[in-house]
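So, here's a batch of structures to check.
What follows is chain A paired twice: with chain B in the first complex and chain C in the second.
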Partner chain A sequence: MTHIIQVAILGLLLGGVYALMASGLTLMFGVMRIVNLAHGVFIIAACYLAFFLFVGPGWDPFLSLVVTMPVFFLVGVLVYQAFFPRIEGSARFGEMTVLLTFGLALIVEGLLSFFFTGTFRTTNPSYATEAILIGDLFIPKAQLFAAITSLILLLALWAFLHFSRTGYAVRATMQNRTAAQIVGVNVRRISTIAFGIGMALAGASGSLISFLFPFFPNSHWRWIAILLALIVLGGLGSLKGAVIGALLLAVAAAFVSDLFGPTWSPITFFGALFIVLLIRPQGLFGKQARVG
Partner chain B sequence: MTSTEKREPTDVVAQAAIEPRRPRGRYIVLTSVVLFLALLPLARPLIGQPYNYVLQVGMVGLMWVALSSSWNIIGGFTGYISLGHNVFYGIGGYTSGLLLIYFGFSPLLTFPIAGLVAVVFGFLVGLVTLRTRGPAFIISTIALLLMVGLLFDNWEFVGGSNGLSLPLPPFQLEFVKVPFYYAMLVIALGSVYLGYRVAHSKFGLALRAIAQDETKAEVAGIDTRRMKVAAFTISTFFVGAAGAVWGYSLTYLRPTIFFTIAIAAEMVLMAIIGGRGTVAGPVVGAILLVALNEIAVSQFGSTELNIVVTGVIMLVVLLFFPLGIVGSLRERGRLPSFLDWD
Partner chain C sequence: MPVLQLQDVTSGYGYGPDILNGVTMTVEAGKAYCIIGPNGAGKSTILKTVAGILRPRKGEILLDDRPIGGMRPDLVLGAGICYVPQDRSLFPEMSVRENLVMGGFLEPDRRVVNDRVEEVFEMFPVLRERANQHAGTMSGGEQQMLALGRALMTKPQMMMIDEPSLGLAPQIADQIFETIRSLSALGITLLLVEQNVLRGLDCTEWAFLLDLGTLRLEAPSDQILDDPSIRELYLGRQVVANPEAEVGEQP
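Presenting the complex of A and B:
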């Protein structure tokens, strides 16, 4: 019994971080109908930023959040302005966003491999190997701190969306882009901000991932595949779905990993994706997807 | 829709399909190209020293023609972008490889079987993934690729991530490339012919209708689900066959040869550069990219920057020439008739 609770706790802690990563991705889809295949590679880029702040000036990965978040917010604003206004109004917008961000992901991955080589890296702050013991339960500090940080950031995102004027506008745009425009929302500006926020969340995830998992440039495909599976499972564009999907699947993956070994845990995400597609193609919390 | 003034690749193609044009000249050009390719291995005295190199590059080019032309049936004509089509490439490679190891049948003879096995899996995968549209479909193909990659990485029967070594081909070293070249030529011609037949059939028309507006196509009485699954299924045959020949030519099989997303990227990129949804587009795109790659590798060596170049080309083409070479030329009325296969 303790063992089961132990595995569930480890799953939940990781699930918090997955939820943080997936919420940025699903926000982008919800507001702009952009499927950002480059989300994973930007998370890995943020890992490198956190890594070099750690080995250089010796910043703790949590401290590096104050750099990674604004930097990636800016990167997001630039990326959005550079590509997406151009293809707005294309009849195959959804597909175009996938291909554009695919190209972008290849470029960033190539640059990262060129400059930083394919070596596995990780930041190793002192708490990375420590744990708290509560009775028989073993709670690794790194995972715990990362989960708490993710929770704070997700709450901040929720508060922003529900209590600020810009947040209202973002939600209005998610619900109905045209109607939002009619009532006077500057949809282009809101989209830029939302893309920036999504990327800032990717930046934050990078800081957290940097000490949870070893990373190398090519590892972003694994991440993006898991994240995409999560947001399809939750229903594309649904923040609630992404968070619940992330928590559920992370716990499921922890059990799969416990029973069959860690190599098989990613199968959970992909397997769940295919099962959901068979039963409920629009995802758990999605409306019938009408895209393209 | 706000986009009535924007021309999409499929509009141009559909228009071309309706207006019948049968220029004589193109048959002469095409026949001579096929004859040239078929007779190339006989010209050993003329080619001289780089004989094996020429055949190797030719084989690689033909392989990419087959891959991108096959991908084009689902990704171009039907408008369903699959980023996991190299799954079938790998399934083909491993099928023929295992037949060679356990039964001694040469992949140069069993590649049609590899294609059929790929088709069976293609049908099953299509049934599931094509329940979704748009981005969700693309995502499910990526998930498929990573899942299958993971399975092959950990499946002891096929050697896991170390892969399998195949017995060496029993050919004289000087002529070792010749049988592979001919097998790939057959596969490439087959896939282009398949694309041509699809483009000129009622089935192809239905696929283009789906690409333009699936709901309208359905209202018009097209069984879109059946058509989509059929398109996905037949698009896997030559991909599997090409995988079989390619694996044997390398003499070993390893998951990283087949199941990396870079291969999917190349397939997509070639079709887009050449002109998605046209018959000649993927052929032009494949030849162009293979040539570019040969030049880049011989001039600068093989570095991580190659993938950057792939990405940059992809962005530039998507933003500025979304119709691809064949599509753009046709729109301007400058398409030479020997490339007008639609």
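Presenting the complex of A and C:
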């Protein structure tokens, strides 16, 4: 029994970080219908930023959040303004965002490889190898702190969306873009902000991933594959779905990994995705696609 | 005094063909207008182009003699024209109250917004009863009332309403048209698109007849049906044979 609780706890802690990554991705889809295949590569880029702040000035990865989040918010604003207004209004906007962000992912990956080589990196703050013991339960500090940070950031996102004027406009745009326009929301501005916020969350995730998993430029493909599975499972564009999907799948993956070995854990995500698409294609909290 | 003027406006969707072909029309302050015409005539396209959802390809749109053609929708709204689209475009997962508050998005003062929500509740008591219900779960008539109420939150000088009776039962449609008449009484200039020609003409003073993207005729609403040739030519036999016939229209 203790063992089952132990595995569930490890899964939940990791799930918190997955939820943080997935929420940025699903926000971008929800507000702008952008399928951002470059989300993973920006997370890895943020890992490098946290890494160099750690090995250089010796900043703790949690402290690096104050750099990675604003920096990636700005990167998001610039990327959005540089690329997306050009394809706005195109009948094939969705498909074009896939190609555009795929190209962007390749370019950023190439730049990271060129400057930082393909060596595995990780930040190793002192607590990375420490754990708290509660009875027989073993709680690694790094995972615990990362999960708490993710939870705080997700709560902040929720509060922003529900209590600020801009947050209302973001939610309105997610629910009905035309309706947002006709009540006077400048949807271009809101889209830019939402993309920036999604990227800031990617930046934050990078700081956390930097000490949870070793990374190298190419490892973003693994992340984006998992993240896409998570947000499709939760229902594209649903933040609640992304968070619950992330927690569920992380726990499931922890059990699969425990039973069959870690090699099988990624299969959990795609297996679950496969089943969801068969049974409930709109995802757990997604809306039925409307025709016309 | 003209509020809104369209001068030789051409417009369409995406890379598609022109739907409007050089439409010129003038809307006077405080009057109620109806745009009628067969399916695909471009009625909704006029409203979307004025609202800033579509950009005119040619021509000028003037509001109080200032050009507004191609302006962002939020700026057009700020200038005093609000648009109630055919699908009502509510926020389905927000409550009735939240929808109304969103309608006051351009008004920075929360107290003013709350006062206006109260005014809308006075006008539509049913919305007060449903204040905390999600908009997506209401009936068609209630949704249309919410759409109109939300539009009133901006204190518009002019309202453009697309097919308010679409998909509503006749008695409910009657209520909606009653409301639209009361908007006129408030001094709001109205530009109405209505598939149900008789009802549309009944609650307006002036009618524009549109066909294949061009303005064919304009006349006082109560006279347009008197001319048998107009009835025959533009409104079709169907209207003569069955005045209540409702035909769905694609935008």
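As a working rule, the second predicted complex is superposed on the first by the 288 of 292 C-alpha atoms of A that agree within 3 Å, B and C clash if a C-alpha of one lies under 4 Å from a C-alpha of the other, contacts with A are read in each partner's own complex, and residues count from 1 in each chain.
By our rule, contacts are C-beta pairs under 8 Å (C-beta built on N, C-alpha and C of every residue); 3 or more make two chains touch, one makes a residue touch a chain.
The structure presented is a predicted model; accordingly, all values stated were derived computationally and were not measured.
Looking at the shared chain after the overlay, A:181 reaches chain C, while chain B stays out of its contact range.
More residues of chain A lie in touch with B than with the remaining chain of the pair chain B and chain C. In the superposed model, A:89 makes contact with both chain B and chain C.
In the superposition on chain A, contact of A:172 is made with chain C only, not with chain B. In the superposed pair of complexes, A:32 makes contact with neither chain B nor chain C. In the superposed pair of complexes, A:41 makes contact with neither chain B nor chain C.
Comparing the two complexes, residues 89-91 of chain A contact chain B in one case and chain C in the other. Interface residues of chain A facing chain B in the complex, by the touch rule stated above, are 29, 33, 35, 37, 83, 86-87, 89-92, 94-100, 102-107, 109-111, 113-114, 217, 221-222, 224-225, 228-229, 232, 236, 263-264, 266-267, 269-271, 273-274, 277-278, 281, 283, 289, 291-292. Contacts from chain C toward chain A in the complex involve residues 14-15, 51-53, 72-74, 77-78, 82-85, 89-94, 98, 101-103, 105-106, 150, 153-154. Residues 1-3, 6, 8, 79, 81, 83, 128-129, 131-136, 138-140, 142-147, 150-151, 153-154, 214, 261-262, 265, 268, 272, 303-312, 314-315, 318-319, 322 of chain B touch chain A in their complex.
Listed in rising order, the residues of chain A touching chain C in the complex are 89-91, 165, 168-169, 171-172, 175-176, 178-186, 188.
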